[in-house]
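Order of writing sets the chain letters: A, B, C and D. Residues in each chain are counted from 1.
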């Protein structure tokens, strides 16, 4: 009998697997805060195959996302298992002459999201993530998509606050492609524990996220704040903001069925 | 120096208090599942002052709510502290000839919500609550407010699943007041631990929730499922569904500044 | 039919109540860090009936406790519900000429502990609490009760680290009564939400914790560190350490069946 | 500059990595419940390279473990990050004529434990795990290691209870090697998302756990109960107990520096 599942655990029925085979469909509400980090600190994070983007001057985005996921089995009706929240940084780099984003830090609150993320190259860790939501019933608590509305967001892990952001909406963004226009690259990496191979990971690849049916909707821009404090046991503060730019609030959806492997750094 | 706070802990600055003085503003997305429980089991849960509603035949609603809260200090921009999720049952009863709802069981995932709830009479316990959300970016994962969309919800405590629901939207509800039309009553209760008074609670009141600026929007109805299984250490299954009616998905907002005390059962 | 339960929710079976009638039996492993805070900040936290202890000079203890609870129904065999972790501060004061401790801040990770605590006067909020444990199987990870062993502890809420401590054991403490010798007092407080009474809480009492069969065992003392940083939405940093004294690691058990009400500040 | 870390994320400082290079030192308190599952269901879970053990007749153990971890940097003094709880099943099989255990299901509450586990081949998912602890301060809540003491344990995920156990101690076990005497094997597996390779995982190995300085202490045996109910979205109930044997409570410690790869099933 074949054991089923895209990820572990593989079982005869395949129900216990953290991730099933694609397609993976996602929709989200997002906050993204533009900022500038120390360019040398950004350069120091890049994996083999990526080079610093000399035009970027440390330009980066910090994202917070409330996700809903579904596969082929109406997973969205089991929200205890298939909703999750995410926070990540995208820094800018160059691959073979092409401007790209690279994801050095990412946090989620769900193990299926960790399993799918590691398979892509997102270096996901567990965190506790929140962002202000927009509700349709009018109230001082509703945070409508309107000029003047304020939104906050935060990510914490192990009881340490890793980042806190706030934005205040000013106007709709007519052309989001001018703001979000680089493909995202990742380092897909799986280690070797056998003593003779601890410096030879069996999987070490530079990958690019492929998204089908990408939709970016309802994009608003405004003023922003962002803090990434130094905490015990983390080093994300090395790319803390030296300067903060605009904040954005948007909806985003896409599907994943594939992954591009840009370059293998795996030694055989 | 006066110590500040509506609830404990009271401090000079009043920042640590779980709850500050009203007004309390709320907006939410909700799922509500109509069902019928054993009328005798419902009657057995009613506190002094309420009598069974002979016309109800066990009619009840199970609610799931994703809430955003704000007070007077832009609390909604601190979502790690001021968003919360809730699940509760409303059973039907009569107070002084008036048809009312009564809340015997309620779960939230936030301590400020417990503090405000106990002050009103909601017997809140901690739980882990989820409901399918509607996202604006189109995707198989988006669950739009449209005919055929499916939503799920669940509540668990201490790793035991207490209720699971699913609904499938069929049509907009033109007049929600025909569905949700009873005021909600609660038992406001605070116990005495001093040995001589353990059977004389200092606060035992029948109360009624007062909501300013109530808004109920975007109400859809459809087919529904609901399960309330028996689990160790809980007795909510005694009002499990014998029959399930319609399911609803809606937005709701209101503010709280006051509470009506219908009847004091406190012995002096 | 009578509804049962010491706390809400009251039900015919009494199984759902957060707290049942005493006796309540507890056993714990504890870390306690002696420190000195600003005496004026301590004085500012005291409720009516307590006065500052002029001999204390801001002397305080920060405690971390891993608790196991049982009532009369073998609750300790349901650890998902009846284990919990706690962190609190005890500051020194005087009641009617008697030196006492007073608890202004306390955090737990369990709702039954909140319900029992509020009934006593402990102003409990939810937190995420950890302390290094001692394991019997020998390992670099075992942290035995022995000279040189190092222990850490922390408390966080809403993803903000509220306190972090470390101790290194030096020697057994022969007479713990010289270290821990003041009874603990609390402010038992339950608010009124009805608009006309929002400044007249129906319960506002100065209480004293009564503990039967108190056992304090295996007390070790050593060097200590303690940090209480300022975070958004809390004010506990106002009594942060100006100086840190000794650290202690101990076992403690007791039972609760009663509460002493020292003074009622309730207005009728 | 070299990026550091055994697992992702790799950074210049190496502080953010979920796992650092071995040695990894562990100490734990454990409950293990012997039981018999359907032998065909056990056989159906085995990966290539393992065959059913005809002498086992479905013999299995369900384990609950409270772990403390340390690496080379005093990690045990940061318990918010380095304590974790675990629950897993070991079923029996044969590798090349040698009787072994195999781990088909395992749950932990910590992401570093997931990262180290996946590197070994343990198919870890997130869960919420509890077991009754032994405290040294005497109390009805202390659960001492003594005849008659009762212990409970449970594991849940996504608000569904996956297993519940109870044991009652009867006597010390003189020779634990008669009870726990098979090495543990795992399936080390990392998937491929690139469309052309979704059926060709780059890592698919049968591995064996290597433990240095193994210590098993304070082993008690007694009567046991175990339930593994069927829940939505999991299939572990397929190896639910048909019969339950003895329950054990013990301490266990070991260090990990290496892994044995028994057989590679990876296609090149």
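Methods note: a contact is a pair of C-beta atoms (placed from the backbone, for glycine too) under 8 Å apart; a residue touches a chain by one contact, two chains touch by 3 or more.
As the structure is a computational prediction, the values presented were derived from the model and not from experiment.
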item	value
Chains touching both chain B and chain C, listed by label	A, D
Which of A-B and B-D has more C-beta pairs touching across its chains	A-B
Euclidean distance of C-alpha centroids - chain A vs chain B, Å	34
Rounded Å distance between chain C and chain D, as computed from the means of their C-alpha atoms	34
Intercentroid distance (Cα basis), chain D paired with chain B, Å	39
Chain A: positions in contact with at least two other chains	78, 80, 128, 130, 154, 156, 158-159, 232
Pairwise touch network: line, ring, star, complete, or other	complete
Sites on chain A touched by chain B in the complex	25-29, 66, 68-70, 74, 76-80, 83, 128, 130-133, 135-143, 150-154, 156, 166, 213, 215-218, 251-255
Chain D-facing residues of chain A, complex	1, 3, 6-16, 18-19, 21-22, 44-45, 47, 78, 80-81, 104-106, 110-111, 114, 118-120, 123-126, 158-159, 187, 189-195, 198, 202-203, 232-236, 238, 256-261
For the chain A and chain C complex, residues of the former touching the latter	128, 130, 154-156, 158-161, 164, 231-232
